[in-house]
Amino acid sequence: METVQQLRDRLAARFPAARVELVLNPGVAAEHSLRLDAALGRDIALFLRDDPALRLDYCSNVTGVDWPDKEITDVVKTTVPDPAGGPPKIVEEKSVHVQPGCLEAVYHLYSMSLKHGPVVIRLRTGNRADAVTLPSLTPVWRSCDFQEREIFDLFGIVFAGHPDLRRLLMWDEFKDHPMRKDYVEPDDYEWEPTAHGAVLERAKAHQLAAVAGVVDPGQSSANPPKAAPGSTTPATTAPVKEAKP
Amino acid sequence: MLGSGIINGLIVTAKNFVGSYHDPKRMVTVEYPEQRTVLPENYRNFPFLISENATDPMGTLRCVACQICEKECPPQCIIIEKSKDKKPDASGKPQLYPAVFGIDTSVCMSCQICVEVCPFDAIKMDQVFEIAATDRFHDLFLTREKLAKPNSYYHQIHPTEAAEVDGRLNTERKAAEEKAKAAAAAKAAAAAAKSVPVAGVADPGPASPRPATPIQPASAPAAPATSPVPKPQDEPRSSPAGEGGPANPAS
Amino acid sequence: MSCSDFNDLDAELTAFGHPGGSSVRAVHDQFHGDLLEVSMGPQHPSTHGVFRMVATLDGEQIVKLKPVFGYLHRNHEKIAENTTYLGSMPYTDRLDYLCSMSTNWAYALAVEKLSGQAVPDRAQYLRIIMAELTRLVNHACLVGFLFNDLGTSFTPLLYAFREREKIIDLFEALSGSRMMCNYQRFGGCRVDPTPEWLAAARTLVENFPRFLDEYERMLTGNEIMLARTQGIGRLDPAHAVNAGLTGPVLRASGVDYDLRKVDGYGFYPRFDFRVPLGAQGDTYDRYMLRILEMRESVKILVQAFRDLPGGPIMDPKAKLRSFRPKAGEAYGRLEGPKGELGFYLISDGTPNPYRYRVRPPSLINLTLLEEMCLGHTIADAVVILGSIDIVLGEVDR
Amino acid sequence: MTTAPDSFLERAPLELRDWAVQLLPGPLQWLAHHLITVVAILAVFGLFFAFTTIAERKLLARLQNRLGPNRTGLPKFSILPWHLKHTLFGLSQPFADAVKALTKEDIVPAAADHFLHFLAPVIVVAFSLMTFAVLPFGREYLPVDLDAALLYFFAAGAATELAIFMAGWSSRNKYSLLAAMRALAQLISYELPLILSVVPVVLVTGTLSTKAIVLSQGYWIFGFLPHWFVFTPWGFAGFIIFLIAALAESNRSPFDLPEAESELVAGHLTEYSGFKYALFFMAEYFGLTALSGLGVTLFLGGWQAPFPFLEFIPSYLWFMMKLIGMIMFFIWVRGTLLRLRIDQLTRLAWQFLVPLALLNVGNAAFWVLTTHWAGPLQLVRWGVSLVIVILPFFFLGRSLSAGYAPRTYRYAP
């Protein structure tokens, strides 16, 4: 099979209107991928499927990746010549700019008839808020059906042209998209007394109410979370110490 | 012919029926409470802490409260609080110890990662599987006292592994001792002056979990809210005689 | 009883276009009566867990069937992204809880691909032994449950479980847990089997064909079994490939695609085994393929026990704690008992994966469930679902 | 036919009844006579039902290499000294089950037709019990000696299927409704082969009375071979058809479609709980027992001993032993076979069993016409009769299983 670089060149020649970028994978696996123009995504996908040299008839894995907005600190070094004639000074100018985030759909394509692969293609949305529409590749590969529904469910990418775009794993009334990096869990669980860390902090109010029965949760949650052993603060003793035989 | 497949099937089940009376290989049932299978040595259930000495489990825990297992535990079921003081471990080196060590077995998934990451061989997998309890919140939360089991018990349930671990530890300790001896011989005078007060603090004394238990039922519901008395809690080792004094009148 | 207009229904069926070739269509015409919508699941004896199928019936015939997922969803991927690479290993046990050994391996494979970790020879062999034993476990379970769906009174299931029990006991003796093995590590395996364990496993594997013979004698030629499974849930290869079906379900349709041969991961190229292929792609082929695959697995296991080399089981460079692969991404996949099980990982150099994705064969093999069931009766739908072989822990993750 | 001695054991239950009856004043004696009979049947077959359930569970367990229920013993407050050690092999399990069923909450769906929902289990038990009235349990043990006993039996038996439909319809559950439809289809399909399989017996014996049918099987060929109808070609074919149809009529595996647990959850029983569920369960076993009893009566010589020298065993024990044998066979079948689909079920009935049964009626007619053939002609008679059974079975079987065969598989190159 041709390399990803060759494939990119061929795609660029075949679809001059489309932007096909090579995304290098710096890791050991070195599975480089192609970022396709979302507008022409489906045409390119059809080409990939039907091209006799490629015959990528099998779309193995479809997944979303969330790239949140990232603050990037640019350091611009300028050499300011010293007017006094000394050695030139290096002035660092720091500027912070926000790299806009996006959502990305990654497709791993293989060929079952020619037994080669993978070709990894990526489609990017405009941003993470409103421009989240990508063309659905389900008409090209039926295997994308449930996986694109899952991405729609968990990441919030809307796949235009998907025949049955509903939430797959979460219930229909669910609002958020849990796999996004900025997803905040709703604090509406029935907390059970558990022992550890962050969960403990959040559970403490609930626990105390359940265990002591008399302690006001609001009052006790104001106490420091972890007091030193032997501390005289009664509230901190509750979850762990009650467990003593 | 129609029916031959059905008759073949009937023959197979009939063979199994007869076989179930004379062929023990076919019968896999173990009538549990009366009969028990021998647990394989590698069987793992929930973790326990190893203490060097059965008579003083809290004083001789191998755990040094490094909190690696707490961090690595995938379901985050371990809770550790470091002690403020230090006490000598098996090789005599002063170490921290866990003032609080709890494992929530209702969260624990018996994955053994805590055992694998522990650099001190202090936590091992237990084989007790009859852990049914009536209070799912408190009986399933294992505290330091419930978790601590002597090294001999470890040898009993995982003989091969324990022998290997002990062998490794012994060589390490011997090397450490020899090193310490060499170091001690070099600056014996300076070290002796310092070591006396440390030993005094770390002395476990007669305190054991026993004195704490009688007061527990009476004071438990009211104490967290009202009683200003510092309860010994799961700190029997660090509770000196002075603290036991005020606790007794409360009962 | 819900009654819907068949015209709408027909329109809906055609609207859901099937790319590439004709498809199974519901036999439904105007002269039939009202339609009955039955919600099978999430509490139903033969949905193999909390799976739900909303079936629209015309009499007993299925004219529409929508799978509903998510009742066992716990967002495994999010959990894994919030824990270390090692920390998600025990969670992978809980994906396909019947075959934790292969799921472990798939994850280890992906991480090893991501980090460039080498694996010693003995560990490679052990992995193949475990994976093939797992295949035996899974397929034995599957054929047992399939007959339960077909209406036996548990007899074949219990015969299959009798054999499975022996393998599971071996897993327990080795890894400490019967189902949640947590055995593979990045760069090797966790426990080295003792010679006694290997001897016991070898005896078991040598006796396994006897169970298969007994099982086949009891059921494969059974006239009711033939009538219930042949021609049911037919799947043509073009559709199967396009829908991304993998594993025995795909090969039952006659597509030769076994990752053990195609990717040759692990040491599989060193082994001599064949890949059975079906012709009709119906439930009977899917059943028989499992039986034949078990026979091939036995062959692989015999070779593996024969050739098992000595040596370490962990790569000395492998790190257990503070494992941070270089930034990059990798997609590792292997031929699980249910199909292609893949793990897609993106690392950003931190101890936790930036993106962790499981490609669940159980979920994707359900893509064509509706097409396979259309035109068959409700009794067949249950059998077709059984022959696809799903585990809800993996479907819903 | 040698007349069996009226041994003490043979007569004992009757004597006991007569003794009890004569204690009462004259006008009540007729009533008491019948009441005692009814109570005796209820008690015996109630217990029989109880032990059938435990036998089924234990036998199925053994077929499946399990142990089966073996824990229930005597209650702890038993005064017997050995209660602690003896679990009686779990034989008291049915009584524990009964207590459980009685104490369970009875849930009726809000949308259900409450009256029919209640009536269905009552009817199903009542009708399945009524069939026992015409079974000859022993030489002198026939509750009601009807001339048209067989007609009565089938009429009462068919009514239970109506109750199953009632249960399915009144539950307002889609699964129950589907099960009710299936039950009706099954009833109509299998009533016919069931009755047709019995017709040859009626043809040969010339009577519908069960008592007379048993008596006509009561002599020995060559002095030692039992002259049961199952040992004739038409009788054997009829018996096999009867067995299959009886399995279907009593909703047993492989014909347990109305309560197919893997498809329809529990079919018509989905919305039943507690004691009503137990009643259905009971009716199913009563139906099974009654049909087995009929099979024993018609084809297996009823209460007759198989060999003359075994006649010292009381006739009712012979009946019970044969009955138990039949039921064990049904359990064995249940432990082995898988379920048919509804279209295959009806196809089996209409395309296979009904033609076979019809031909078998002709076969029996041939048998009746040739009763006077003797000597070598006897062999011809057997040969012709066998051919009438075997050839249609072969050809119909081929057409029924056409297109279904085990396959061979290729391997990837």
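Order as written gives the chain letters A, B, C and D; numbering starts at 1 within each chain.
Heads up, the rule we're going with is that a contact is a pair of C-beta atoms (placed from the backbone, for glycine too) under 8 Å apart; a residue touches a chain by one contact, two chains touch by 3 or more.
Owing to the predicted nature of the structure, the values given are computational and were not obtained by experimental measurement.
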Contact-richer chain pair [C-D vs B-D]: C-D
Farthest chain (mean CA position) relative to chain B: D
Whole-Å separation of chain centres (CA-atom averages), chain A against chain D: 65
Gap in Å, rounded to a whole number, between the CA centres of chain D and chain C: 43
Approximate Å spacing (C-alpha centroids) for the pair chain B, chain D: 61
Averaged-CA centre spacing for the pair chain C and chain B, given as whole angstrom: 37
Contacts with 2+ other chains: residues of chain D: 63-66, 335-337, 401
Residues of chain A whose C-beta touches two or more other chains: none
Per-residue overlap in chain C, given as positions that touch at least 2 other chains: 155, 159, 162, 218-226
Contact set on chain B toward chain D in their complex: 1-3, 6, 9-10, 12-14, 16-17, 19-21, 26-29, 31
Residue numbers on chain D that touch chain B, as the complex places them: 59, 62-67, 332-333, 335-337, 393-394, 397-398, 400-401
Complex contact set, residues of chain B against chain C: 2-6, 8-9, 11-13, 16, 26, 28, 40-44, 68, 72-74, 109-113, 116-117, 125
Contact set on chain A toward chain C in their complex: 25-31, 57-61, 63, 65-66, 106, 108, 112-113, 115, 118, 120, 139-147, 154, 163-164, 167-171, 178-179, 183
Chain A partner contacts - residues on chain C that touch it in the complex: 15-19, 69-70, 73, 75, 77-78, 113-116, 239, 241-245, 255, 257, 262, 325-331, 333, 340, 342, 344, 346-347, 355, 357, 359, 363-364, 366-368, 396-397
